């Protein structure tokens, strides 16, 4: 966990409104676990004031520019352009100076190997699932259920397939894969693989549905949450989410940045997740 | 006078810390007079909040990119990189979107033709003198006395010479032209051309010295002043300078942006010009 | 303006943006903030003066006022400090030189004014009462009362009530009282003004601030402290407008850091009947035109037929 | 930092940055602002905790506090709103789980705390008095007094004096009182605190603000209003520190929008003996280290051998 004062290696739009950025970060990969995130600083000057949190899509390395140099280790993020910060990010070019704080937070617990693994991603929510899939595929059969509004919201599926992951795409408008909600696909899969472990990331309404389904099927579920964040390191207490058994008398607030962003479903109080979102405009993914 | 929402045509460093920018501005040249200025907006977003005032170095036009199109009329500024705004300006590239408000203010009164014209420029203060020289040279003998700290502060002299202007360069450290203050040169020239008209722009200490010299020689003097400006159009009253005969009882504040930036020396109260500068850090030129 | 994610079905007819404040009818709820728009004329080259809700002129006093020494302004992070010192031409020159131009423009004129004593306030009010071109006045009570050792009228409920009463008595026009934000509880001042006869409240004026040049170690404006304006103060302004709207029955004009239509909409949603745009006029002399257009666009996107449906529609 | 135009002849020896506040010796005048630095530990990976003047911990109360519902924060122009609601682990957990780590670090620990009643304030003060690792306390009086219908202690001179007296009586440590900026005249509160026994003043806490999501028409934080912090408030903070320094004899700690060494220097020049850095810790967890280095660089450039020569050196 460091603050990398570094540079952009590449930054391109991969689907309308979605971009992929590689950032130079020597030594980052060795410490990063699936499900962790970074706090990204767009530029030294304002705006924006605060850093922006982004899941780690993957880490890797490129061959050095010249003989004898070490390979260029990078961290890669996938982001959706939704507002001021991400609009400024989209304009970044190779060589621009940025800062990356990370890797941050608690990632996924990979669970028993051999077990059927079902990954559920909604839109940009697929980001943290790639590194998870990469480390699961060796030991367990892995399925990715990928949902989105339209074909444009379905990202990087081929990369999952290259890992050897079985992928099932569904879109609300049927413009890609089967028409309908990803949660419908999940029900079918759980009927088929009752002993599976489920890992989900996406919009809160999707996560709430996934939680209900997994509870009904009594299968273990881990979810990766989003919340408004100022510090990303557990200092500001801006990013909290209600833990199971929370009440005014017995407060059980959990820090999304430090105790999360990945939680076991049973750690959380699902009663009013939707009403009191960590992020006010509701999900943008 | 308009707000041009336009683009940068070119922007290069011409001397360490000094840049020259051409900005597309159709129709601007037809309305601009020597000594006027623009309010420049670096970008649509913050920072900086306020526009930055810059003298008009010159207007001109470039041949169109394709046959049949009209020529590309531009306004050109010369600026010194001193702080936040100008540092951002230096980073602008061809095609970047900027805004230019202008032409603003009252320019030089060219005075009787045939008369000897002596232009005195200190550092970046030479900017408003170029258009003046350009329109004077036809009808009057024009001399430019150009002063600066070092050779790096002496700009665009060759362009004045190309107009047919006699130029005399002096630097504090003697790194270019004669060693010493431009005001010493002025004294000599006025001794030689007692009937000359003087036009000056530069740091306040230089202007105060020039004013004393011209008063002593009883020659007409016009000066172009700098002041902190918010609006540039006479609305905020942030840019005022004390007029002759100013007192608490009989306030005679003049707007540098509207009644200036060029003033006849006798319009101004020179008694404490230096102590109460329109711009707090004193002159940066 | 963050273009909402979800679809919006634009309504057919153009939304009505008209509002009324203290009997003054406005085409739309956007007007300049006093002192940032001169006497209107200065902005005619950049803006259609008949396309805004009203014209609010530079703070006026009985006699001409010299204002403060320079430097008078300094830029700060997302804001600016000013200590102009209320320099103005005085009532006579205003009537003689500035009004004739405004007379020709089909937009209500609101005259902002102040005094150094109760008598001065009342006298200016009397003078303005006789002028037909003046649709209403805006009373700036953020000034020191020289008689009371310079305590600022607007920071003390009693003093505020007193000056509003005096002016009310002397004035035959709609009276808007403009509040200072440099107070512990702005609702107390707002209620005092309402009870003393204000027809509307406008807030906020500038927050008192200071900036120092670390190399010269001098204050960056000659007056040491100045009024902070611009986007930096918007959250404080929105909060105070929200409080005042709940405290009084008269309409409230929201002011503070409005640069875009989205900013203006925040104030309308918390309950401001109209807004004033100040510092933004310096950044873009056409700003108010774009703000009016942006508000109209928003109403279309959100299927709002009349701006008054939006005013005070904050969900809690 | 605007690198001054003129030449500077660097002095030979390293300048001394040490300051003393209320008997607490600090290596340099830079410390974190409470609530933005957790309990110190969180920042150890990014910052040398022994390179700053002191560690100021998250506001502590007698019993654990749940804090507010979410969303608790919102970014604004060059600032942020927060309504964390003073969530904290309570005195017992602090002593048990947080102090042991701090004990190992050779930097004075200042514990910020608050209460909902005079009794609670006093009780926490008593508890902290017995803890050797606590170098001093910072009293946050920007809290509502539940007994007095929730009027905020820090906005009323009498209430402020009362709570400071109570705490002073119960406390056997240096006492820093932290003031709220949401007042008409901060010097009145500062003097009340001084007379009631404060050893130092720190100011400012956050300005109350609000922001609205124009699409949902909801406040952007669940608590409706929140505390505005960050560079946007700096001019207001510098002004208030300037005022307080002139009003009291005890040392003043300047807080508000400090992002860089240049910002910190503004506060020192107007007379703050030290500064606290808040929101900047979120933007750059190493910010305080760079600020200390920048202050040292400035002293060298300006030939200042001892930071105390700079403190209060404002030229008027």
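Think of it as A, B, C and D in the order they're written, each chain with its own count starting at 1.
As a convention for this text, a residue touches a chain if its C-beta (ideal position, glycine included) is under 8 Å from a C-beta of that chain, and two chains touch if they have at least 3 such contacts.
Predicted, not measured: the structure shown is a model, and the values here were computed from it.
Peer 1: Listed by label, which chains are in contact with subunit A and with subunit C?
Peer 2: B, D
Peer 1: What chain is the most remote from subunit D, judged by the mean position of CA atoms in each chain?
Peer 2: The chain lying farthest from subunit D is B.
Peer 1: Need the CA-centroid distance for the pair subunit B / subunit D, whole Å please.
Peer 2: Chain centres of subunit B and subunit D, defined by C-alpha means, are spaced 46 Å apart.
Peer 1: Suppose each chain is reduced to the average of its Cα coordinates; what separation in Å results between subunit A and subunit D?
Peer 2: The separation of the two C-alpha centroids amounts to 35 Å.
Peer 1: Any idea how many Å lie between the Cα centroids of subunit A and subunit B?
Peer 2: Roughly 55 Å, centre to centre.
Peer 1: If you average the CA atoms of subunit C and of subunit D, how many Å lie between those two points?
Peer 2: The separation of the two C-alpha centroids amounts to 34 Å.
Peer 1: Multi-chain contacts in subunit D: which residues touch at least two other chains?
Peer 2: As it turns out, subunit D has residues touching two or more other chains at 2, 77-79, 215-216, 218, 231.
Peer 1: Note the residues in subunit B that touch 2 or more other chains, in rising order.
Peer 2: Residues 46-47, 281.
Peer 1: Provide the residue numbers of subunit B that touch subunit C in the complex, in ascending order.
Peer 2: For this pair, the touching residues of subunit B are 1-3, 41, 46-51, 99, 101, 227-238, 240-241, 248, 251, 253, 276-282.
Peer 1: Going by the contact rule at the top, pick out the subunit B residues touching subunit A in the complex.
Peer 2: So the residues of subunit B in touch with subunit A come to 45-47.
Peer 1: Which of the residues in subunit D come into contact with subunit A in the complex?
Peer 2: 35-38, 42-43, 45-46, 58, 64-67, 69-75, 77-80, 82, 84, 87, 213, 215-216, 218, 220-222, 230-231, 279, 281-286
Peer 1: Can you name the residues of subunit D that touch subunit C in the complex?
Peer 2: Touch list, subunit D to subunit C: 1-2, 4, 76-79, 81, 155, 182-185, 207-212, 214-219, 224-225, 228, 231-236, 238-239, 242, 257, 262, 265-266, 269-270, 298, 313-316.
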